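Per-chain residue numbering starts at 1, and chain names A, B and C are given in the order in which the chains are listed.
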Amino acid sequence: MNLLTVEGLSVRLGGRRVLDGVSLRVPAGGLVTILGRNGVGKTTMLRTMSGLYRPDGGTIVLGGTAIGGWPAHRVVAAGIGHAPEGRQLFGDMSVLENLRAGALALPEAAFAERVAEMEKLFPILSERRAQSAGSLSGGEQQMLSIARALMPRPRLLLLDEPSLGLAPKVVARIFALIGSVRERGVAVLLVEQNARLGLQVADYAYVLDQGRVAIEGAARELARDERVVSAYLGEA
Amino acid sequence: MPRPAVVLLALLLVVVPALLWLAGNPYAARLAQLVLLTVILAVALNLLTGTAGMLALDTVVYFGFGAYAAALLSLNYGTSFLVELVLAGAAAALAGWCVGVALVRLASIFFAVATMGLAISFHATVLNWGELTRGPMGVRGIPGFRIGEWNLEGWAGTYYVTALVCLACVWVAHRLTHSFYGNAVRAAREDEEVARALGLAPRRLKAQVYAVHAAMMAVAGVLYAHSNRFIGPDNFVLLESALVLTAVVVGGLGSVAGAALGAAILVLVPEALRGVGHLRGLAFGAILFASILLLPRGLLSEVRTLAWMRRALAAGGWGRAGRRR
Amino acid sequence: MDAFILNQLAIGASVGMTYAVVAIGFTLIYRVLTAVNFAHGEVYTLGAFATLIGAATFKLPLWAVVPLVVATGALAGWGIERAAFRPFRRYADEASLKSRAVREATLLSSLALGIVAREALDIAFKGEWLAIPQDYLLNQPVRLGPVGVSSGELVIGGASLALLAALQWMLMRTRTGVAIRAVAANLVGAQLSGIDINRVVVAVFAVGSVLGALAGMVVSLAYGSVQSYMGLTVVIKAFVAMVIGGLTSLPGAVAAGVLIGVAESVAGIFVPSAWTEMVAYVLLIFTLLFMPRGLFRWGGA
């Protein structure tokens, strides 16, 4: 059963067609990755699903509900968490306040429970609780961004380039954490420029090119696909 | 088809005066002259706010400066209005250049508020500097237009003086707008960095436009003092700046013809609602609001008038391109 | 220091506190939308008129005038947001929400709305200075050591401090406050956190306008009269306070507001009082030209 079904999604930004009929599926509890070079529309894809951009055409269905064109706060309430590109944290607010802002709808008790859960998943955040988000390291910020997105118990987590600007060791830890997010039953849609990393963790992958799906398939097969290897895995 | 410039000249110098003469109504003549005065203000503000993209609320500063200069010079020294036009225009251009150089680096809304502060300071100054400006009582008994022994105080003289100055200002605005200079100013408006990369000096351009606009406003002020024969601080309150801004917004930011059209509308519409004179301010506010909301590009948008003007120039409509044919 | 100067300082600080409270409304809106609400001065005027109507027309006790003024302010804030700001918020991404075109359009629309409100009040009340009934006035002389002030000035100071404290509490301790700070800090992050931007913006306008209306109320009670144009100069001084305070800093705006009030009052010692109106503009031009980041922003963001 597919948790998320996107059919023929088209988006125009400033008169330019950025997405041109993209279709994809994320099964419940699955981990799907979208690969592609800079500027092929990966971030636009996620932002449209989250309601930051309005689609021109196509449908977005989450667990049976059509959410295409909904404003962002309703999409979040429907069960999509989004850890965006550039993290977009509230820099001058504390770590705890960032988590609070991520779950304003939760009553106090449920909020404390979620914070405890997040701090189990990301122990470093409990040490940094009172520190301002802007003072965290890049890896810690990425973790906070993911934690903030997970606060309202989403069914699907959108992850936009979590490896960007991080040291390889930190990237490895983040990707290990993505695995544990998945173990908790949250489906993940991962956008990644580092195709090797994406294909390692994902079950299924889509390669986006100029606003369309160029190649799709099981991640393991794509990792051996010559087109993907030559275009995205470079030296391999 | 006759050239637009010919049509405009014929309209303002022959048709309208003929109609006014036929109507024989001094009030209509006064109204026509007021429209032309407001056209000068709107065209000048349009250069600044429309073409150069600087939202300004200090219209009354230079307009008032010109008016007070004319009133006080003519009463104290008996100068001719021609001398005053030159003096006030030059002084306002100089002052405008200095103020412009200082203010053009402010980003949009800060520029607007700084000019708003100037307008309020100007009002406070004329109100309180009684020894010079005669304070809240205003200046009375300003002579009408005269050149030597030639009396132009009647409605026809007043109208023609205003019409000629107005045509001169519109011509200057037209030449500045529809030229390489206009393109450069528009580039500076859209993006200072890009303009700089193109080898332009965006801030110098903006300061120049500010100076030109100040000079035109002062010229209008001189005409206002001599035609109204009385000026007081209440003629130069912030609301009057907002009126001219409304005219420019309604007409279409960046379009000379639009500014003139907007000025005519904003003078004539409240007059059409005679007897409700106290609703004037309310009407301006409502028109500005409706225009911003429903007609953000104005009646004659910049893009459309520029396109029209380019076709007219290519077809030898008016200006230099026409003469070359 | 002699008592006269101390008196001037006390009066200046009290007037400055009202600038500060009005400036807070400005600053909150600027922080969230990077836009300026030019109708904010009319909210202050409306607060004063609500006080007048509550006191003179309905003869309400003073404690009952307060909710009336609060309701007026909240309603005015909501109305301004709905009419002059929301129509221009067509896209949800940061670039278009804070674009120059939107900022200038909302500047003009709020300016127009302010003119409409001001002129409507002017017509309705014939542009006259209207007196608040005597028994509501806060003009009993109070002696504080060598300084003699009126009870109104003390109330202005005290009420302003209380309002600022309440605002601070709201921003730090309530969910609405967290949402407001989140939207101010990062628009995209706030939306992806499930925060409804429109609701937060309305809340900001309502809170800022309640503060502005209450400032109008205490000033009218302290000085005894109201007039349709009374908000015009105050709003510009509040704007100056926001700029001098560094645009987005609430403590900066408060400090700058007090500074302007004191500067005006001190200037009043040396020049005729009519000229002190210009002190704020001199400070503004000076700040804009020489310290564009504001007086209270040393380095950093």
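The working rule: contacts are C-beta pairs under 8 Å (C-beta built on N, C-alpha and C of every residue); 3 or more make two chains touch, one makes a residue touch a chain.
None of these values were measured; they are calculated from a predicted model.
Undergrad: Among all chains, which one's averaged Cα position is nearest the averaged Cα position of every protein chain shown?
TA: C
Undergrad: Report back the single chain whose CA centre is most distant from the CA centre of chain A.
TA: The chain lying farthest from chain A is B.
Undergrad: Let me have the rounded angstrom distance from the C-alpha centre of chain A over to the C-alpha centre of chain C, please.
TA: About 42 Å separates the centre of chain A from that of chain C.
Undergrad: Centre to centre, by mean C-alpha position, how many angstrom separate chain B and chain C?
TA: Computed value for the inter-centroid distance: 33 Å.
Undergrad: Roughly how far is chain A from chain B, going centre to centre by Cα mean, in whole Å?
TA: The answer is 56 Å.
Undergrad: So in the complex, which bits of chain A are touching chain C?
TA: 47, 50-53, 71-73, 76-77, 82, 84, 87-93, 97, 100-105, 148-149, 151-152
Undergrad: Which positions of chain C touch chain B when the two form their complex?
TA: 35-36, 83-84, 87, 100, 103-105, 107-109, 111-116, 118-120, 122-123, 232-233, 236, 239-240, 243, 272, 274-275, 277-278, 280-281, 284-285, 288-289, 292
Undergrad: Would you pull the chain C residues touching chain A in the complex into a rising list?
TA: My answer: residues 92-93, 175, 178-179, 181-182, 185-186, 188-197.
Undergrad: Would you tell me which residues of chain B are touching chain C in their complex?
TA: By the definition above, chain B touches chain C via 55, 102-103, 106, 108-110, 112-114, 116-118, 120-121, 124-125, 127-128, 238-239, 242, 245-246, 249, 278-279, 281-282, 284-286, 288-289, 292-293, 296.
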